[in-house]
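What follows is chain A paired twice: with chain B in the first complex and chain C in the second.
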Partner chain A sequence: MSFFEFVSVYWPRLLTGTGITVAQFFLSAIFAVLLSLAFGLMKMSSNRAVKGFAVTYIEIFRGTSLLVQLYWIFFVLPLFGVTLEKFTAGYVAIAMNTGAYGAELVRGGILAVPKGQWEAATAINMSPAKRMWRIILPQALVNMLPPWGNLMIEVLKGTALVSLISVADLMFQAKQINASTYLSAQIFGTALIIYYILARFMLTPFMRWLEAFMSRKLGKA
Partner chain B sequence: MEDMSAFPLEITGEDVPMVSFRKVRKAYGSLVVLDNLDLDVAAGEMVTIIGPSGSGKTTVLRMLMTLEQINGGVIYVDGQPLTHMSKGGTLVPANQRHLRKRRADIGMCFQHFNLFPHMTALENCMEGPVQVLGLPKAEARARSEELLELVGMIDKKDQHPSRLSGGQQQRVAIARALAMRPKVMLFDEVTSALDPEVIGEVTNVIRKLVSEHNLTMLMVTHQMGFARDISDRVCFFYDGKIEEQGKPADLFGNPKRERTQQFLSAVKEAV
Partner chain C sequence: MFDWLFTDDWFPKFDWRWDFAWEILPRLLEATLNTLIAAAAGYLIALVVGLFLALAQRTNYRTVTFAVREFVEFVRSTPLLLQIFFIFYVGPQFGVTLSPWVSGMIAIGLHYSCYLSEVYRGGIESVPKGQWEAATALNMSTLQTYKRVVIPQAIPPAIAGLGNYLVGIFKDTPMLSVIGVAELIHTANAIGSETWRYLEAYTMVGIIFLVLSLPAAGLIRAFEGFVRRKLGM
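So, the complex of A and B:
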């Protein structure tokens, strides 16, 4: 079976799989950003309980493997009465794992904003919340976009793990097709190419565009 | 613990100073930066602070802007305690709410401008009036444009700071501070980071404020000529204390203390 014949037969399943992968990626990315913001800010809190909670979360999720976290969320949490559907468990695990790394990026981005910006905001008597939201975070965001680009690539790659809890993503479809056809080179080769295209020709250019857009907004470009 | 009964809950009577430092102490760890500072600034007065590097000039302004906490004494603004609030008939350290209320009277310009880089000149000026004072956008815009006009920056109002020269940025920063309608303006070496040829455009704005507006101003500068021209009073700081103060003609023309003389002649040589 030629490669083109192979693709012409199996493209519908590869396409639905890719759709699921993309959906997992977007949901993971969105929740990861929110978790990063929340925990990054919490880690900078002067309240020790709040800070301790953030530090614990970051430590646990950075210090253990994503796959184990995924299994915990899908197989172990139900024993404590929290049952998530496999699709949900997939992106929740990835988001929580990524959020722990993202929280450090948020913190680093905030710390990189010059002290003078905090002081100027205080000098016009801004409340701490407005100062953070309107003055510090927009500048921190620009600082941290490049490392976020790398993290997003990791998220995309990480989505392949959800196939292990039977979410029908691209990797899952590839394994199924492989199991019934033994066309390993074709199927895994195609999967490889699709992941590569998603990362290099869609995600990376988007992040580049976002960086350029944000620095234009900052009047830097 | 400091005996707070030595400090009044508020300053009343005639000629209440706009700013009053009373026995103010500031230390970083074991380094005492200001020791028992007493300084009154009358309403509408322009006071310039000069002195060698590290003598505590910036610290005075930063404490007044509440960017630094003080370790002793009380600062009053317009008769009301700034660093403290009265509670049960005595003064206790101010909480955030009190600081936000009292800080509204004070504006500050920094050596490095510190404009918000993600906002245009106009947006920089409107930010405080809209977000802090809650003014309607149209009103905040009118007020900001008027001030940008005053500092000669109206034609650059839609530029981001990165497109502006240092002198232009500093003028926008002055407009941004004025847009909050403070009673007291603080200038910390606002020309030190500027190229010599643009210093004049900033000092001219400050001159205009002195002659046309009834603001109380505290200014730190190394430009002795400028200080001599526009100040009502000059304070020479040395080692965290006011070594000598007086009218500019007296302090510059006839300094009494040896350290003042040394400092002034050293500065003269450097020019």
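So, the complex of A and C:
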């Protein structure tokens, strides 16, 4: 079976799989950003309990594998009474894992904002919350966007793991088609190319655009 | 989802059984050894191949540089899981059957060699230009320059990055379970399907990963200091 024949037969399944992958990616990415912000700020808190909680979360999720976390959330959490559907378990695991890495980026980005900015905001009588939201975070965001680009690629790659708890994403469809046809080179090759297109020609250019957009917004470019 | 909070018998659901945990511990420790072997073997492959990928991007042949660059980008932006499946299943289609271990090592080694090539590249680029010029002035060949001048100076700044990817490769070994390498997750899955108990096995696997990867950051820093002292930097 030639490559084009192959694609013409199986494209609907590949397309639905890609759709699920993209959905998993967006949900994971959104929750990962929120978790990163929350835990990055908590890690900088002067309250030792808050800080300790954030450090524990970050160390646990950075110290173990995404796959272990995914299985734990999917198979063990129900024993504690929290049953997540497989689709939900998938993006929750990826988001929690990425959030731990992102929290460090948020912290690093905030620490890289010059001290004078903090002092100036205090001098014009801004409340700590307003200072963080209006002055520090926007500048921190520009500082940390380049590493976030890499992290987002990791999120996209991480979504392939949800196939192992039977979420019907691109990886899962590829595995299924492979099991029924044994056209391994065609199907896995096509899936690789789809992931590559998503990462290299959609995600990366978007992150580059976002970097340029944000620094223009801040009048840096 | 939280209705369990409002029933009065939620506590017994958390039935951790120490005797069961104790019973499966030897199997998990054996699997830990396999995980460590897989990580070490994959990492050795990545260290060697990664160096070649980094050097290949510095040659004067535009085609080679371009092809290697694109290859590295491709591998870095596609999922390791898919690459493992690709290498394991595509071989037999062309008459080359690889065992799970061999194809797993190739996949994970190749994947990480692309990451390591970037670390090497950064290290090599951090060597000041004067060092190259001095080596040329001393009439050293390119090979000599790399071996005696550039690489020894490129390694210390690269150690932190290299070390992080050692931990990374260790944490990615669970993906090898999908093609039947008997590492930690594979063993935990087996225990789960034999006994229908998932709590102990998966939790213990998580703890084993934590115990092994948490001290790593400190060890890497200590090792970096050791190498810098050795090289008199």
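By definition in this document, the second predicted complex is superposed on the first by the 221 of 221 C-alpha atoms of A that agree within 3 Å, B and C clash if a C-alpha of one lies under 4 Å from a C-alpha of the other, contacts with A are read in each partner's own complex, and residues count from 1 in each chain.
Basically, a contact is a pair of C-beta atoms (placed from the backbone, for glycine too) under 8 Å apart; a residue touches a chain by one contact, two chains touch by 3 or more.
This one's a predicted model, so the numbers in the text were calculated from it and none came from an experiment.
> What does the overlay on chain A give for chain B and chain C, a clash or a fit?
Superposition check on chain A shows chain B and chain C fit without a clash.
> Quick test of understanding: once the structures are aligned on A, what is the angle at the Cα centre of chain A formed with chain B and chain C, as a multiple of 10 degrees?
Nearest-10 rounding gives 110 degrees.
> Count the residues of chain A touched by chain B and by chain C, then name the partner with the higher count.
Ranking chain B and chain C by residues of chain A touched puts C first.
> Would you check which partner chain A:R200 touches, where first means chain B only, second means chain C only, and both and neither mean what they say?
Once the two structures are laid over each other on A, A:R200 reaches chain C alone.
> Touching A:K175, do we find chain B (first), chain C (second), both, or neither?
second
> One more residue to check, A:L164. First (chain B), second (chain C), both or neither?
second
> When the two structures are overlaid on chain A, which partner does A:A120 contact: first (chain B), second (chain C), both, or neither?
first
> Check whether A:V76 is in contact with chain B, with chain C, with both or with neither, and answer first, second, both or neither.
In the superposed model, A:V76 contacts chain C only, not chain B.
> Touch test for A:F31: chain B only (first), chain C only (second), both, or neither?
After superposing on A, A:F31 lies clear of both chain B and chain C.
> Examine A:Q139 and indicate which partner it touches, taking first as chain B and second as chain C; both and neither are also allowed.
A:Q139: touches chain B, not chain C.
> Please work out whether A:G189 is in contact with chain B alone, chain C alone, both, or neither, and reply first, second, both or neither.
Only chain C; A:G189 stays clear of chain B.
> Between chain B and chain C, once the two complexes are placed on the common chain, what is the minimum CA to CA distance in Å?
29
> Which bits of chain B are touching chain A when the two form their complex?
By the definition above, chain B touches chain A via 65-67, 96, 100, 103-104, 106-108, 110, 112, 114-118, 120, 127-128, 131-132, 159-163, 173, 176-177, 180.
> Under the stated contact criterion, what part of chain C meets chain A in this complex?
Residues 1-5, 10, 13-15, 73-74, 76-83, 85-86, 89-90, 92-94, 171-175, 177-178, 184-185, 188-189, 192, 198-199, 202-203, 205-206, 209-210, 213-214 of chain C touch chain A in their complex.
> Okay, in this complex, where on chain A does chain C touch?
59-60, 63-69, 71-72, 75-76, 79-84, 153, 156-161, 163-164, 171, 174-175, 178, 182-185, 188-189, 191-192, 195-196, 199-200, 204
> Give every residue of chain A touching chain B within the complex, in rising order.
Residues in contact with chain B: 114, 116-117, 119-128, 130, 134-135, 138-139, 142, 217-220.
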